[in-house]
Every structure is written in C-alpha cells, then in structure tokens.
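Dumping the structure here so I can ask a few things about it.
When the chains are written out, they are named A, B, C and D in that same order, and each has its own residue count from 1.
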Amino acid sequence: MTENAQTGINVVLGDNQYGKAENHVVRVTRENGPRHEIEDLTVSSQLHGDFVAAHLDGDNAHVVATDTQKNTVFAFARDGIGSPEEFLIRLGEHFVADFDWVTGGRWAARVAKWERINDHDHCFVRGGSGAETRTAVVKIVDRTQTHVITGLKDLAVLKTTESGFVGYPKDRYTTLAETTDRIMATNVTAAWLYNTTDIDFNETYESVKAILLDTFTNHYSRALQETQYLMGKAVLEAHPEIDEIKFSMPNLHHFVYDLDRFGLDNPNLVFHAAHSPYGLIEGTIRREGLGNTDAIWKGQAAFV
Amino acid sequence: MTENAQTGINVVLGDNQYGKAENHVVRVTRENGPRHEIEDLTVSSQLHGDFVAAHLDGDNAHVVATDTQKNTVFAFARDGIGSPEEFLIRLGEHFVADFDWVTGGRWAARVAKWERINDHDHCFVRGGSGAETRTAVVKIVDRTQTHVITGLKDLAVLKTTESGFVGYPKDRYTTLAETTDRIMATNVTAAWLYNTTDIDFNETYESVKAILLDTFTNHYSRALQETQYLMGKAVLEAHPEIDEIKFSMPNLHHFVYDLDRFGLDNPNLVFHAAHSPYGLIEGTIRREGLGNTDAIWKGQAAFV
Amino acid sequence: MTENAQTGINVVLGDNQYGKAENHVVRVTRENGPRHEIEDLTVSSQLHGDFVAAHLDGDNAHVVATDTQKNTVFAFARDGIGSPEEFLIRLGEHFVADFDWVTGGRWAARVAKWERINDHDHCFVRGGSGAETRTAVVKIVDRTQTHVITGLKDLAVLKTTESGFVGYPKDRYTTLAETTDRIMATNVTAAWLYNTTDIDFNETYESVKAILLDTFTNHYSRALQETQYLMGKAVLEAHPEIDEIKFSMPNLHHFVYDLDRFGLDNPNLVFHAAHSPYGLIEGTIRREGLGNTDAIWKGQAAFV
Amino acid sequence: MTENAQTGINVVLGDNQYGKAENHVVRVTRENGPRHEIEDLTVSSQLHGDFVAAHLDGDNAHVVATDTQKNTVFAFARDGIGSPEEFLIRLGEHFVADFDWVTGGRWAARVAKWERINDHDHCFVRGGSGAETRTAVVKIVDRTQTHVITGLKDLAVLKTTESGFVGYPKDRYTTLAETTDRIMATNVTAAWLYNTTDIDFNETYESVKAILLDTFTNHYSRALQETQYLMGKAVLEAHPEIDEIKFSMPNLHHFVYDLDRFGLDNPNLVFHAAHSPYGLIEGTIRREGLGNTDAIWKGQAAFV
C-alpha cells in the first residue's frame, strides 16, 4: 500500500502473477533405443505469492527471475515429460517447495501433435485426425491444492445436415429465416477440470476428444447450445474424474449462396463460409452440487 | 439438470453466455456538413439470462438469435456512437429491457484509430501516436448494475536506458547476470474499471493513455513490476472515477549481442530483440478498501 | 500512357491484374444420397488483359466487377468442384471466353482438408495426417496457354537424428559448431508445375505428398539443401507430368539446451525450439532442357 | 545435374537461394550523448551463387552458414544502420566480396517505427501517423549490379465519400448496383525501384509516403484502379530517382447496412466493414521506355 500525501489517496496492489511465457521445449526420448519418441510443449510459468516489495519498492529479493523459471522448465524436461499435466505439476511443486514466499502459481502448456511418417523410428509429421491443439493448465493454490485443467483448442468440426434453428423470438430487428436443414460448423475449444491427479492424462485426453467427436455426430442439433450441452454431458457421464467442462464454440456460418439470381437452384449445395461476424456460444456443464470453482478458472482466457 | 437413469449421474448447466462476435461497424458522421467524422468499432454482444431450455431441450423460445443481435448493433449505430462505452451501454440496456429472461450480458468493442490526412474533411489514415487498440467492455448484472471497463491493447513502449534488474534470488537454475543498464520494452495491455458511467469516456481514455506513457518515462525502473505499479498508481491518483486497473505486460527481451567474438565491443548498442520466450508481468492496482470485483472481471481474457 | 505537360515526364501502366480474393466456397455433394462429400476452397480470381482505360481515365467499361467474379465462383461451384485445379481451369476459361479484352488471369485456391468422423455420412473433422494446406494456381496466358501449379504449404516434418551439418566455410563471423547429430525440422512449402492438364489432380497430389514425406525419411541429411533436392528429384522421377518443383523450407532450429550449467548432461534429449531467426532454404528442381518458366511463376509469392 | 540410370531422367538444380530470415536487430545510438536514437529492423539475408554441390552432394564447402549470416547482420549493426537500404547494401557487398562463389543475393528488412514520448531522450512509443511498415530490399546481381526497392506495407487509408463505381460490364453473374458515393478503403502495399543508390533513403521514403497520402485525397475516385494509377504517377513525377512503382491494394468493402428492414433510413451513415472476400487491385506504374525489370522483382512476394 502506498499513501499519496498530496492527494490522501491510498492505492494497494491486488492480484498479480509473473513468469516466463512461451518456453518451447521439445523432448526426444532416445533412451529406449532407435525408436524415438517426441514431446513438443510450449510452456508458460507464472508464480503467485508475496511479491509486493518488487511492485512497491523495486526490491527484487523475492523475484525468482523469469529467466530462472525458463531454465527450470528445460532442466526439468531432462527427466522426461510423461504427460503435459504431470510435467506442469512437477514444475509447480518445485517452485512452491523451494521458495517460501511462492504460495502457488499457474503453469500452462500447449501441445503440438506429431505422428510417425510411415511408422518410421525417428521421422515425424505434424498433424493427425483433428487439427486441434491440446492444452493443459496446472494451478496451485495455498501451496497444497493442485488443480488440473486439460483442454483442447480449435477442434474444427462440421456437419452438412441434421442441424436446424427454429422457434426463436422475433423482434423488430429479427430478419433471420428459420431453417431445419443447415450446415453446422464450429471450432471446439474446451477445458475440463479434474477432481484428481491420479489418472492417465494422455489416455483420458484421447477419450474425451473421442467423446466430443462422437457426440457431435449422434443427434439432430436444434441449436449449437444443445449440441454443446450434449457433448459436455457425455464427457461427465463417461469420466467421473472430471467435475466440470467449459466450452467456447463459434457458430461458423455457412450461408446458402443465392444462385437463384443466376437461374440456378441451390438445394444446400453451395455455401459461402463467412469469416465474421460469427455466433459465439459459451457454456459450462458440471456435476450437480459442485461448489463454486471461479477461483480455479480465474485467468483462464476465453471462457465464461 | 438432466438425470441419467443408467448411471445415476446428475449434471447441470453452469455459467453460460452467447451472442454474435466481431460485428465490424463503421459509422460516418455526415450530418454536420462536409467535414465527416468516422468511428470504427468491432463489437461483440453476449447475453446472460435464462437459456437453460435451449441447452437441455433444444427449445429456442428464449434464444434471441445472434443474427438479431448483429442487426441490433448496426441499427443502433444509426443514432450515432458517441463513445464506445456509451454505445455498448445503450446496446446492453436494450437487450435487458426488451427480453424478460435476459438479465445481463457482456458487450465489448475494439476501436480502430483513424486520423485525418492533412486535416482533410473526409480522408483518413489509420494510426497515430501509439499503435495500441482501444478496448471497451460493458457488463450488466442483475439488470441494474452496469459496469464499464475501458482498456488498451499493445501500446508498445521502449526505453533504451534507465532500467535494470538486480537483487533477485539465485538458485541452482539461475544463470541470468545482474544489470543496471538495459533496454526495457513492453506492449502494455491494460484495462480499468470505472465507478461511474457519468464521464466523458473519450477524454478520459486519452488522459489515462497519456499518464501511462508519461509514467513510463519518469523513473529508473528496477523491475517491470515497479514500473507497472507506478503506472497504475498514477492513473488512480489522477482519476477518482477509476477504482481498479489491471495490466498484462510482456517483458520483451532485448539481448546485448555478443560482438566480442568478432573483436568488437558492444556498449549497449546492438541488441537482438527476441520473439519468445518472454517475461510476462500481470498485476492489479486498486483503491484500498475496494471490495471483491472478481465477478465483474470474469470472462475478461488475459488478466490475473 | 500519360504525359505531364509541365514536367515532360511520360509514365505508363505496366503489368497489372485485379479481381476478388478470398472467396470461401464450401461445396457439399449430396446428389449421391446420404453419404455427403465436402470440398472447401478459398478462391482468388484475378484477370489479365486490357484495363488501361480504367487506370488512366476511370473508364470501367472493361472492368468485370470483382463482385461479378465472386458471384461466378459460387455459381460455378453449383456444377461441382471435381478437383481444385479443374475448378480453377473452368473459371479461367469462362472469363477468357466471355470477355474479349480478358486475355488471361490467375486463379488460385487454398484447400481445407476434412475427414469423416468415425466414417460418418455427413460429419467431418478438420485435419488428417499432415497439417499442410493444399494450394492450386491456374494461370492462363494469351487466352490459350493454361498452366497449372499445385502445391502445399506448411507440411511440418521433423527428424530427431540422422541429420548433421559440417564442412562449411569459416570466417570472422562464424561461431556455429559442427555437428553430425541434430534435429532437423522444417515446414515444407512446395509448388510444382505440370506439363499437362490431363491427369487426376487429386490422386497426383496425394502421391507427391507421399513422396515428399517418404524421401524426408530415407537418408542421412548433410544439409537441408540436400534433403530438399532429393525430395524434388524423387517427385520428378516418379511423375513425368511434372516439369519443375520449387521449395521454400525454413530450417526450424532446435538448439540443444545447455543443461551442463545445472549439473545435468543433455545427450540430444532436451531442445529449445527457437521461433526466429530461422534458416530459409529455397530451391528449384527441374527437368534438364526445360526452358525459362519465370513468366509462369511470376506473382507466385515466396519462391525464388 | 543428376542422372537416374534406371529411369534415364535428368533433373537439374534451378534457381535457388538460402540464408537466415527474421533477424530482429535493434540499434541504439548513444554515441552522441543522452539523446538516444533507435533503429529497429527485422532483416533477412539470402545468398545467390554456386551452391550446387550442397544440393547434389551434401558438400557444404560453399555454404556460408545461415548462422554466420545472422552474426554478420548483428556485427555490421555495430557501425550503425544509417538507413535500412544503406545497411542492406553494406551487408550484400560484404558477402559478394568475401566469398568467391557468392555472386549476389537478396537482403530485405522490415522497419518498425518508434517515436519519442513527449520528446523524451530515451523513451519511445511504437506508432505514428500511418500504421504502415516500411520495407526495403537490396538485390545484387552478377556481383556488380545493385538494385534497391523500398516499400511500405499496409498503409490503411479510407475516404468516406468522393468515390464511386459505375459503367462496368454486366453479364449473367452481375448483381452489383452502381454507386456514385461510397466508402473507399484500402491498405496500400507498395514498392518502388530506384535507379540510383546515391540518395537520402529516409527522406525519400517520407516524401513518397506523403505523396501517396496526398494523392489519395485529391480526386474523385472512379475506381481503385484510377486512384492507384494517380498515386504511382505522382510518385514518379516527383522523384526522378524512381523508375517504377508497384502496388497491391485490397478494396476493403464497406457495405451500407440495410436498415430499411427496421424502419430506418441509412444515407451512407452505417456500414458493415466486411473482412472477406475483398477486391484486390495490383498494378505497375513505370517510366516509358524502361526495359524489362522482371528479374529484379523476382522473389518479391505479393506483386504482379
């Protein structure tokens, strides 16, 4: 807190965090012979704790350098990654254990997906079914509570039919025509909160992704809201270790192009995929009775 | 809430919002004669309220179409923008007033900056001092509480000296050398919460920006944390209508290039401006005694 | 040509083209029953010909509106796409045939890749093995010559070993250490020129891509130059219908992180994947005796 | 050239270049006391010459390492930048002089614009009138010919009136309505070829930019083609040291929003600024009698 004698105003430091963002670490596993594995993570490390002296007095005695955080990320990769979530937990526990004034933090990773070229031992190509990026966040609060949020970003999916939108309210500004057959397209961004750290994170990720894809296909969609809810519900029903899932899903409009003007019909064959504006549907599906989790999600961009 | 008979699991819908994102509206003022004005906003509208039937039952009776929200944005621009904040307030109040089940929402805008070419009446060039984007968010809660957050994104500033970093803790992973003379560069992203809607938002924006820039210049910086705090403190001291300001500021490292290897000295003349990783310093400066504002900031990306 | 009486300077209009860029057309094939197909192209159309009056005199009598070009793209999609190349050829031939003063043009497309979700009839997910974007360019010159260039952009590949770099010249500014074991990573951007239009473009694309991937794996690489040459050579040997292939391949550096400072060894296990600067290797592999093709490649960005 | 015994196919190496891209060098001038200057360039260096052995045989004896090129960029900055063009010329002449087999190359830079904060000695803010990026390319051919191309990228300009589009041909696919009053908006990307290296490049850049802006304002535009031509003509008339200028200018459509549907008029007040598709007008304005310059422009992306 600082007092301004002239103005009599007291201002204080509120929530804060700092660290090193975008550490791109690639870990090759060659310990098991010529068949290499590759893990590709872009890691951000941010510390929470008592850093008030740095902000108010320029005293850096508590400021674990962001350069040190970077070095630690790469040093810890020496022992292997395992899963992004486990790696971030190890990182977080280190900072909390080694520095008294660090009470927690937020460690995040984006994961790039590589697959073998023709089952080759050491040659890989980026990609795979689904163009999404896997994300992971570990948050440590009060030194002892470890929260893990896994997610995916921009899993682009599209159905060419079995989607409609009717029955919405009409006011002075409503011009949209109802339809029972349209393209529905979205880039699914989702994140789910685990209630345990004692699971196989890699396997669970693949399972959740498969459920999201499968649910997208298995119903006539009356609104993106309904599809989103069904996707979340299916994940929670299949995975008791997940308490809550949040979605941010654009409605990527595909407009039937008006070919009538050229003497052509267009029975849902030719679409203009508009860039913007787009609908944006964000929602949370959670277990009944689950308490308030806002503090855990805080700082997680792009979610309601 | 849905109950799954087979599994006995109950899942419920949690926080949600939806709307139309990235409505790019350009309003030309030509009502006052040949000297035109231009306002250039990219607006997102998101509604909060009772939309549970859409998610659970595919019943859209409450779903004000995102297309309708888009139309409303453009229709409301007919009456002029005024300031981005006032425009968003008008939008928000409309949705809350006209639809019983809409209890609030989040309306946001990015503002592009145009200035006259040679003081021309109707020709403009993008840019101006500072490459930042102005941002505005209006949040309405429980129909009656209107919160306004104004901000700026990527105001890039750099000082070639009068910055250092010393006195930080050293551990096994610390290799950074102390320095009392370095380049400090950052892209300031900031957002500030008003305690009133009864101000000149455009004028206040310019004043806050000027204070941020001026404060950046007026001290020897012992850490980006200190500079950020001073910037926030100066804003709060000058503007009693602002209760809280949040920052997200990368530390964009400029490394002295090692020219010694080529027989050249380099007394802070030649720098490599690294792209990534970068430091990331995020903090809040607020009035003492201000209550918890987390609910207001919720959904605001990229802030602690 | 315009003459400036005051200055006596004559300036003339040189090469020019114009059209509509970024027409995002999605064509769904539903004519064959419930098993839909999807083709997703972002098309740009640019006309060449006699447009001098528009430039010099503001006379638009020859200016086929870019809006008309857009409409034509979508209208032509009504008859199906077939392959991106065939679709662009049909477009180009139309403009040349219908407008006397249009002597040619350049039609280009980026192709988004969708694959079925669980072999579903009408649900798709973006992605697939390889994160590349397929590209196609059709150029018509003098009304009668039709050139087809197919390509791909950002096919990201990486080998964890079997790559080195030694034997390069050393001067005052050389500090790089030789290595016989490194990661080699690149995003392959390539484009190849056909000598015929009478082939199955979709099938050939898949074959070329497979050859590029396979060649990347099948040798110890002594430089990215060598790998690039081998890739191009293999394509030309397998495909007599291709006369020339051009590459733009960044050398995406993966630096062995110095863990020695922390008391750890690092036998090519932990790498820092640097964002920039990066090496950039661009080259052409072509049939011996092929004439000058510069005019065909002109306007094709990012190639030597 | 390599011969494939099996297939009898001969393939040869064609045009090629290689080097290091995206070297971000910041040069601070502090030699003249406390009032610092800053120059901020992102430099790419690419060599032309005899590199056939690297491609065909993996023999790197001629391959000046891209890492060496990077070091050279930073080492040369020690002596000051001067202007981006002069800096690139110095770089290019070095490589050609020091390595027998290097016969030329292409050196390019993007320049970031910083201005003083409140006329401060060492504090700067990014931006200024015009949001464009300055670009520079130096090309050396056959060791002795040095070509300089300066340019700018994304100078966004807009006029709210004094623009129209009428008199274009109508065919089956034409639906666009004629208009004599519309918004015209574009991001000017331009590059101009000098016929000398003996000028003040910084001053000339500012002059050309001022002419482009001024010309944009001084006429009723009957098509973006006309405006582009007038801009180029004005540059060539004012600058005898410039032989040719090329433009790539999107027509960024601002559509009058149909408010009639809501009972509102819209006399060119409210516009939807569409993201895509967009018109794209590319042209060349050059001195009469100037010879073919295609070889000089080759490899310059995004120009006809």
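Rule of thumb we're sticking to: contacts are C-beta pairs under 8 Å (C-beta built on N, C-alpha and C of every residue); 3 or more make two chains touch, one makes a residue touch a chain.
The shown structure was predicted, so the numbers you read here are calculated from the model rather than taken from an experiment.
Two chain pairs, C-D and B-D, are compared here, and C-D has more C-beta pairs in contact (counted per touch definition above).
With centres set at the average Cα position, the gap from chain B to chain C is 37 Å.
Computed from the mean C-alpha positions, the centre of chain C lies at a distance of 21 Å from the centre of chain D. For the pair chain B and chain D, the distance between mean C-alpha positions equals 31 Å. Among the residues of chain A, those in touch with two or more other chains are 22-24, 71, 75, 173, 175, 261-262, 275-276. Because contacts link each chain to all the remaining chains, their graph is best described as complete.
On the side of chain D, the complex with chain C involves touching residues 1-2, 4, 7, 9-24, 44, 46, 51, 54-68, 70-72, 75, 98-99, 165-169, 171, 173-176, 221-223, 225-226, 228-229, 232-233, 236-237, 240, 244, 246, 250-251, 276-289, 294-295, 298-299, 301-304. Looking at the complex, you find that chain C touches chain B at residues 172-173, 175, 261-263, 275-276. Within the complex formed with chain D, the chain B residues making contact are 23-31, 36, 38, 40, 71, 74-75, 77-78, 114-115, 117-118, 120, 122-132, 155-162, 183, 213-214, 216-217, 254, 257, 259, 261-262, 264, 266-275.
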